[in-house]
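Multiple structures follow.
Two complexes follow with chain A in common, the first pairing it with chain B and the second with chain C.
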Partner chain A sequence: MIAPSARRPFSFAVLIALLGGRAVGAQDFAAPAPPGPGDAPVLFLESALPAAAGALALDGLVLRWNGLDELVTRAVAIGFGARKTRVAAGLSQTGEPEVGWTCVALAAGAALDGAGLGVRAAGRRDRDRGALGGALGPGLGAEIGFGAWLAPSAGVKVWTSAPQVWRRGTLPPLSRPLTWGVGLESDPVRGWILHRSPSRGARDMGELSGGVAFVTGPAIAWIEARERPLRGGLGLAARARSATIAAQVDGHPVLGETVRLSVSFGAARSMPDPASAGTSPAPPADRSP
Partner chain B sequence: MFVLLLSLAVCTPADRALVGEVFYDAIGDDSGHEFVELFNPTGHAIALAGLRLEAGDGAGPGRWTLRWTGQAGDSMRARARFVIGGALVAPAPDALVTLDLQNGPDAVRLVWPDGAIETVGWGALAHPEYFCGAPAVDAASGEALARVPDDAALGSNALDFRAQPPSTGAPNQPGLEVALRAGSLRVDPEQPVVHGEARLSATVVNRGAVALEPGRVTLSLSLGDSAASRVIEAALAPGDSARVSAVLQALPAGKALAIAHAALAGDERPDNDSDSAWVRVGKGPLEVTEIQYHPAHGEGEWVEVRCRDSVPCELASFRVSDRGAALGVPDPDAPALAPESLAVFAEDRVALLAFAGALDPGRLIAVKPWASLNNSNDTSGVADAVVIRERDGTRSDRVDYSATGIPAGVPLERDGDRWSPSSDPAGTPLRPPRVLAPLASRFEITPPRIRAGAGGSRIAWALPWLRGWVSVEAYDLEGRRVAKLLTEENASGRAERKVRLDAMPAGLYVVVLRAKSEDGSANVTASRAVRIEGVVP
Partner chain C sequence: MRHTAGALMLFLILAGFRPLTARALEPPPEAREGEDYEAENTDTLSSGEVEVDFGATGRGGGPMRRRQHVRLSGDELSAGVREGAGDPLAGADVRLRALGGTLAAGRLAPRWGRGVVLGGSGDPWTRTALERDDALSRGRTGEGWTYRRGERSSVAVLGGRFARRDLAGVSVARGPVGLAAIASPRLRLKGTGTSRAVAQRAAQYSTWCLAGDASAELAMDRRGRWRAEAAGTREAGDWRLALGARGGTEGFVPLAAASRAGPARALSAALVRERGPLPLSGRLALWRFAPAVSGARATLELRPRVAQHAELVVGFEEQHGTRRPPTDGVSAERGLRQGLWGEWRGERGPLLLGVRSETWGARSWARSSVRGVSTVRVAVALPAGVSARLTHSVYRVRSGESLYLPEAGIDRLVLRAVTGAGERSRLEVSAPAARGTIRAALDLSLVEGKLPRANWTLDWIRRTRTR
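So, the complex of A and B:
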């Protein structure tokens, strides 16, 4: 039996690696996780932030937006990394035919010591047969974006993501502008601040959000808050063997709750959280005391 | 002092008859009603032979025209009066003349054979030749300019004359006289509810030369069979007035005459002691059921009315107005409206017919002049009012409406005793309110998918209350509010609106209906997803 103190680094690393992070403005692969770079394929597809460590992983995701039965997202993604190369692919479908869409996404990137850079591409097709025609065909749209992260010192990480730098055809359900974030770690507490730039054509001032995570054994819990309007979320994830189950509930002063559930399968990986050093550490077992 | 004496001398030539009263603006057509009364304040007779009465047109200098010249037999005894006027003046004038006086600013003057002149001007006169000292006030229709007291000579028309009801051939200021100020009778509310109460009030004026002690004047107020009396407990000096009111209760339904009567023992002129007005208690025969105050398709404003009487309503006998005083008159050939039937009073009948098409032209009545209805609220929260009156002025219905929360172009429609945006965005003229089909859920949007810039969607709701406060907002997938689609309004529990979604950028939005019951004790929130389509240009 492994003592908790010896097991903790392993559990924590695996857990956070599988949870990874998500960028503000997620729509097709919005996993339950704190924001920022991570190892989960769904996060790489969504934000173009590559994992620090490469491993084979499979993600499944179900999400119900604002309590609306007509607006449920189901997604699967697979990711793999070898040496410094990272790739991921995924399929997602959201909503009933009249308002919904299907998305195929690919992401590729590289992770160096203390830094990562990725590119993502997504293609969508509206489910409605009478969808508006565009340059790529009725209801078809595509977008390409990039993401990058940097770990300048232990316990500090910064990242940026611009998932829709190039768009063509049908416009996406959610316009996702540039975001940047800073994560800090002081074990067992992690914290982060995220800024979203104003959306294209919008008159708003952008948005700030922040959160804090607490790690204990094989579980992690986090809360986050966002402004205008003030709203927040609460998440919880736990790992058992090679599977991780995560859930997040986002509250809103007006809208119903958004509920996310995910199941991930994969080898233990590094990159424990947004604020960690982000270097490519040795396998978790080797890090155990 | 010399200047003052000089001016006194100029205004009223010594030892002559004076202009005692001028009546130049009768209610309605002036013809035959106008008169100029002369008063001899001296203790001896005065011959009027050669005396000239001239009318002045204040619009320009030197515009005097002769109206009457005294003949050899014309004379006035001491303290007597001499009336020069039209054929309809009562009692009959001493000299029958069509005066054709202007309604002001204008003047009359007496030119004596020896060259002495007395000038009386009224209104805002620009040329000094038309007045003496300062012009008198411009009397309202139905009132005369009267010298008070009868021999006043204070050196100015403004000081010598005041506006008051005509007193043809009689003293302008009797010794003992009270009167009801013309038009001062008020009934509040103007259209009381059945078995409710109303406050009647009127103004009593001491028009005599004698001061009245407290308790000498009694005012009686009545409405139908309900009546009350009030003793005026204040002293009334000459010229003083008192506002007196009484609340009458348990008023029966129907049309009744409100009467105010002032009683003073020994009143030398009892003919001006009463005033009256017709009042409707309860709902009138014609009620407003729909108001289009902001037409968006050039169809003109219109008001739908319903005949709620048990006998046909003679539409031509009603008057339509906003909250102003100008009354619109329906086409005199308008037919009688059968009980429980609907008709439409229209600003532009032809345009409304062209817009609505299938309307029965026989129940579409042109009204002229049409009082333009306001589209936005004033500081009191009311945009305007639609008032329906009978020919005699009795109010049949009045609707004060607010424009807050009413979508552009959508008429207001009666919903019981409430008013809401019409169940049909184009309105339901000559039709009862549209009965909305039951909804499968609390909140629906049709269609849920529209193209950016292509118009709006219809939103519909079914609340668990008859009425409630409703607002609709749109949020993006990140929970940011993107648009306020419907400002909070008091709406029917089952209603529909057309909202402009196309102003939002392309994307997927969650549209939220927020409603609370009228008493605020319960809330309902319901959401729907909407997709706004758009492509990269």
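So, the complex of A and C:
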């Protein structure tokens, strides 16, 4: 056990490593799922990509970042929709009191026939009572971003997410840049390519990642590869009645493994799916080559 | 109904329902490197239309600047006035039928022949015989007056100030063939350290032939320096081929556009296929300003057909050398640059989504990246004629490189010069108001190592018919 006095610098070093290492492009509501729009409220809160389906859903999420017990995220979120409107709200807490933070997030948007548009806002507060002051108050930070997806034809989906277009106050633990991706589906295989722009302060020119998912009955398994440094991840999700359990492990050659686990409850949930989640059947004109 | 049409028109402008801008936009070579560049929109009014725009802008917390423009178009009279503090496009122009011909005065952009002497013939790396002649490729022009009489057999005279010279000229054309002479009574030369005016006459003469798919022009000045240029296009099935060539003396400088002289020698070729399963366009240009000051570009763009309401462009370009003439004997020579880009745009109901990513490198396959930018655009048409568009760009530009982000304004195209590492977000909202359309835009720039900077623009525009 690390003494409290020694733990703080150690944890700060870990946080700095996370900041500089681009371990993941996600933060407080990083659910185990392939990238892109999905039905889980945590995904809506994380990326501002609204779900196509508007069923009431409740999510619980636990993440352990880079194998560090001192850096565990716990989150709950609820989401629902009425007609085209989608709303989600969530609460997340990461890390121990000395270095951790608490986040409240709200997302709102609209899902149309084959398209979706959302905005997200998150407020964050350091758990350390001795946090330094900022533009919004000691240890307080806020961010606003947007996301949109569009299915131009059956089996194809394009999405983009810029979760931190505006931010103020204490900087978030991770700078989350603009991303865009393309998902393709041809049952039972789904694949995607994701482009991540460089983070603020990073010297790189962004990165590409890609993955493939296999769907079998009520379960979906996926693997993903990323560059710079080359690394990968794999995930599995299974549905039983109204409950969905998902897990994902992301490896990193330097920073270690990040493990995510989520439990979701909701009616008529579909599996996380980068290409076809919520895509309504396209009109005949759109299917023509 | 008229309001709805106006709102729809503005949404189309905002949303960008235009052909995808495939290659990266760059200002003309005479523009200063690393500075914003503004060019007039090329949209024209129909006969009998009047357009009024009142606007204001604020940049980086500075004072508000007002600007306005009025344009009208008629069979007998067309005119436009653009006014505003610090507006590089400010000026007025009028065009009316008089004395059996057409008299134009104010800001002018005339072109005689292929533009070797007057009007600018375009840079071989941006404009071939297949490209349209837009404001960006022509650059800025002069002020003065012109009178033109006749169509097939025409006579035109011109007087004014172009490229900081007083100029007068006359041209005569009969059918495809034309002759012109242009003269400057005084030429300003820069001395050592201070500027001095030298009373020196200068004159240039030109003859051209514009015959359908082929055109040629030969120009010469009083000292015997010359420039010749020819271009032609040929169609074969789905394919169109354009070839262009330029040759001449290195010291030949058009009197009306000294800064847009361009290279003395150039070869260009373009091959375009607009139909078929894989529309594409390829372009090759080689040019030389002076010995050891040359350049080359090769571009290939593919537009594979995707879904009905979507467009996709992927492109590749390789650049060598410089596109600027040597200044005081010094050339901004640059090594290899390779660029890769892809742009996709899709539309579904009221939502339009566009994604563009572009990267340039100093090694093959765009490795050793020197600049890169990713841009997403989301446009949505809301009820009651309201529309909104959000554009977000993330860029990385290494020192010594230039990157320009295009920004479509009500009456202009602005190329914002960006450097370093940063992000730029732009939110535009338009709504019907006071029998016109009000449009508000807010920019937020975040550049590493600098304070966030916000700019705003507010415009009210109305376009109406007089009859």
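Just so we're on the same page, the second predicted complex is superposed on the first by the 248 of 289 C-alpha atoms of A that agree within 3 Å, B and C clash if a C-alpha of one lies under 4 Å from a C-alpha of the other, contacts with A are read in each partner's own complex, and residues count from 1 in each chain.
Quick note on the criterion: a contact is a pair of C-beta atoms (placed from the backbone, for glycine too) under 8 Å apart; a residue touches a chain by one contact, two chains touch by 3 or more.
Remember, it's a predicted structure, so these values are computed and weren't measured experimentally.
*Asks:* For A:N66, using the defined touch cut-off, is the partner it touches chain B, chain C, both, or neither? Pick first, second, both or neither.
*Replies:* After superposition on chain A, A:N66 lies in contact with chain B alone.
*Asks:* After lining up the shared chain so the two structures overlap, which partner does A:R228 touch, if you call chain B first and chain C second: first, second, both or neither?
*Replies:* First partner only, chain B.
*Asks:* First (chain B), second (chain C), both or neither: which does A:L255 touch?
*Replies:* first
*Asks:* Would you check which partner chain A:S186 touches, where first means chain B only, second means chain C only, and both and neither mean what they say?
*Replies:* neither
*Asks:* Check the contacts made with chain A and report whether chain B or chain C touches more of its residues.
*Replies:* Chain A has more residues touched by B than by the other partner.
*Asks:* Identify the partner contact of A:D128: answer first if only chain B is touched, second if only chain C is, both if each is, neither if none is.
*Replies:* first
*Asks:* With both complexes overlaid on chain A, does A:S197 touch chain B (first), chain C (second), both or neither?
*Replies:* second
*Asks:* Considering only the touch criterion stated at the top, classify A:P172 as touching first (chain B), second (chain C), both, or neither.
*Replies:* Touch partner of A:P172: chain B, not chain C.
*Asks:* In the superposed arrangement, which partner chain does A:L112 touch: chain B (first), chain C (second), both, or neither?
*Replies:* Only chain C is touched by A:L112; chain B is not.
*Asks:* Determine where on chain A the residues touched by chain B overlap those touched by chain C, and list them.
*Replies:* After superposing on chain A, chain A residues 200-201 contact both chain B and chain C.
*Asks:* Mind pulling up the chain C residues that touch chain A in the complex?
*Replies:* Those in contact with chain A are residues 305-310, 344, 346-351, 353, 355, 357, 359, 369, 372, 374, 376, 378, 380, 390, 392, 394, 396, 421, 423, 425, 444, 446, 448.
*Asks:* Mind pulling up the chain B residues that touch chain A in the complex?
*Replies:* Going through chain B, the ones touching chain A are 447-449, 451, 473, 475-481, 505-508, 510, 512, 514, 525, 527-531, 533-536.
*Asks:* Going by the contact rule at the top, pick out the chain A residues touching chain C in the complex.
*Replies:* 112-115, 117, 146, 148-153, 156, 158, 160, 162, 165-166, 177-178, 180, 182, 195, 197-198, 200-201, 205-206, 285-286, 288-289
*Asks:* Residue numbers of chain A touching chain B in their complex, please.
*Replies:* 24-25, 27, 65-68, 70-71, 95, 98-99, 126, 128, 131-135, 141, 167-175, 199-202, 204, 207, 226, 228-229, 231, 250, 252, 254-256, 258
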